[in-house]
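Take a look at the structures below.
You will see chain A twice below: alongside chain B first, and alongside chain C after that.
Presenting the complex of A and B:
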């Protein structure tokens, strides 16, 4: 076996240098891993924040839709009898737009916030009734929700109550 | 010396295992994320409200359902039309109500009219919102166990087979002279 010609002190120094560079390499890899971990976590947080925002908007869309569907100013009623679900009274519908416009800021905004609500007749006609329209100036996202409803018309039929077919659309903004 | 080194290596191994576990946990969080609440609520509510509205809807006066006064000028789909279809299901050609179809414009047998009407209304609503759906109307004749299709099922976008995540409107049973008619609407994305 060939023995090193370097003096003992120099040999120890070199070994220490190798160990030092090994430690540096390990530390480098460790920090790279930490860096990637931080980036991954940041991206994950960003995505989950967006998802949370979407979820909140979805919840608001549901709430607004339910409020509209059960709005006494709109729902089909007959005296003291229980009101009919998924039904919009055309008599009320025709005049509601004006009422909402009149009390938009001091009453209806608290109920619907920033939203656009309209009723679309599908059969037999194709009329659109815009009930509420308050757009958010800096809106970045909108969430539409649709619900099929029957439109009860008591004056269109010849003595017979007509039920037209349509849908209620609620678009909320954030 | 050797023991200390192996201890350090063990620590390294533990760190790697921990990192892998954390990564797996993240993956599981992504994979097991359930459908948003809104999606489920909307699908359930929409299927029910759609069928409920369809059943209540009346045919327009211009559809000339009755040539001479025999019944209502604007028959209700979920009552008069379905009842008429169930009653004259096997009678080829004859039915009390013969309304003009919303697409063909021709006066049709109540069963044909029912099919055309359902297809048209569902296509105008659920179809335009890119939803897949399936509508079934089955007649259960008194003292018979097997139900038979009253009309051909209305299916769009490949329908909603059992293996798909779907929501049903619930059964809308209608008692007719010919038997019990069960209507159901399936909705899926």
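Presenting the complex of A and C:
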């Protein structure tokens, strides 16, 4: 067996250098793996956060539509009897925008948040009544919801109630 | 001696290696253990946030649809205690001991201070003064027991019929109460003869003070309320002055039922303030933004314009009820708006809302015959 001609001290140094390179390589691979893990986790979190946001926006759209459909400021009533579902009182609707604008920031924003709500008459006319409009400055998404309603106009039918048709549109922003 | 030296060094190195491995292992274990603990905390917080969010959605759905009762299975929440509070017209609910909570400054929500149970009951009742103002959401659970006592047969029957499916019972005398398995007990004394000046019933004496309360209807028409809380063997009255029910009465009176389900006088009045705020806004929807200064607008303005366009003689009665008769809608709506605004500042003024709302109701009934109604 051929013995190394290098002195004992130098031989030990070379062994230590190899061991150190090995440790550095292991550490490098370890950090690469950690780095990939972090990227994977970050991407996963990003996707699930977006999904959650979409889900919340959808829920908010439905909730806002529900609240608008049953709004006492809008719904048709008949004295002491229960309110008529999916019916909008045109006499209230025509001037409601003014009242909502007046109380938008200190009351109605709490109900509707960032949204645009309007009633579109489809038959016989095609008038649009904007009820609420509060745009989000940096909105990235919007979710529109539509609901068919009857529009009761008590002064348009010459002594009789006139029922028109239309839809309620609720667009929420996030 | 020279031969032994490397061996000793090896032994020391080996010992150090093992100590190093043990420390490194412990650090790694500690690291993972802390991650597990942190994740557990995070997931518990997430769960409470999710629960509060779902509760909010359920309550929104239950609150908007008029006169509906929802029996919600909440067996997953049976171990949690839900709390409800209301301060400065903002109600709050959440899970006790958890940071997640939901606040609401719009919808009146009447519920016990704390609640636990496998079933949550949400009941929405329309509050009318005289037109519909808002839906009151009454919340209770299957573990909250209501004992109704006293009163005439009319209210007893109405209450029992209206609360079908609730954990409630009619007792002729409080000694009949047997509430061992209940989480929370509320006694409803419909005529004020069973609670004031009396001792806490024997079967409730071992209960925690905060878990036993009573609501007592007093006054000539049972239109005032007193709230009581158990304090040892005695009843402690919570409100200084009797709380007046601000409503026009009748069946399924939302303001009266709200008192039965409200935690105490403060949360009751706090939530009622939300209704008065909405009433102020709604009187503008019906009468226009200048109605307080008798400048007609809104729905009433549309009606006035319509009848004026038909000629003064065409519908004298309609215009009379709107603006010409001694009692007319313009003046009454103006009074309603002013009083609803003032009532939010001073509670005594709220009482005037009843007579004003009564006038509007009469005028609306007059319109029903030949004219278009206001509401």
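The definition used in the following text is that the second predicted complex is superposed on the first by the 129 of 174 C-alpha atoms of A that agree within 3 Å, B and C clash if a C-alpha of one lies under 4 Å from a C-alpha of the other, contacts with A are read in each partner's own complex, and residues count from 1 in each chain.
By our rule, contacts are C-beta pairs under 8 Å (C-beta built on N, C-alpha and C of every residue); 3 or more make two chains touch, one makes a residue touch a chain.
Treat the numbers as computed from the prediction; the structure is a model and nothing was measured.
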item	value
Touched partner set for A:131, first chain B, second chain C, both or neither	neither
Touching partner for A:80 - first (chain B), second (chain C), both, neither	second
Partner chain in contact with A:115 - chain B first, chain C second, else both or neither	neither
Touching partner for A:59 - first (chain B), second (chain C), both, neither	both
Touching partner for A:149 - first (chain B), second (chain C), both, neither	first
Touching partner for A:70 - first (chain B), second (chain C), both, neither	second
First, second, both or neither for A:164, with chain B first and chain C second	first
First (chain B), second (chain C), both or neither touched by A:96	second
Chain B/chain C common contact set on chain A	59
Contacting residues of chain C [partner chain A, same complex]	57, 60-61, 64-67, 105-106, 126, 128, 131-135, 277-278, 281-282, 284-286, 288-289, 297-299, 301-303, 306, 364-365, 368, 372-373, 375
Complex contacts: residues of chain A adjacent to chain C	59, 63, 66-67, 69-70, 72-73, 75, 77-80, 82-83, 89, 91-92, 94-96, 98-99, 102-103, 107, 110-111, 154-155
Chain B-touching residues of chain A, taken from the complex the two chains share	33, 40, 44, 54-55, 58-59, 61-62, 85-87, 122-124, 145-150, 157-158, 160-167
Complex contact set, residues of chain B against chain A	19, 26, 36-39, 41-42, 45-46, 48-50, 52-54, 56-58, 60-62, 72-74, 76, 102, 120-121, 124-126, 129
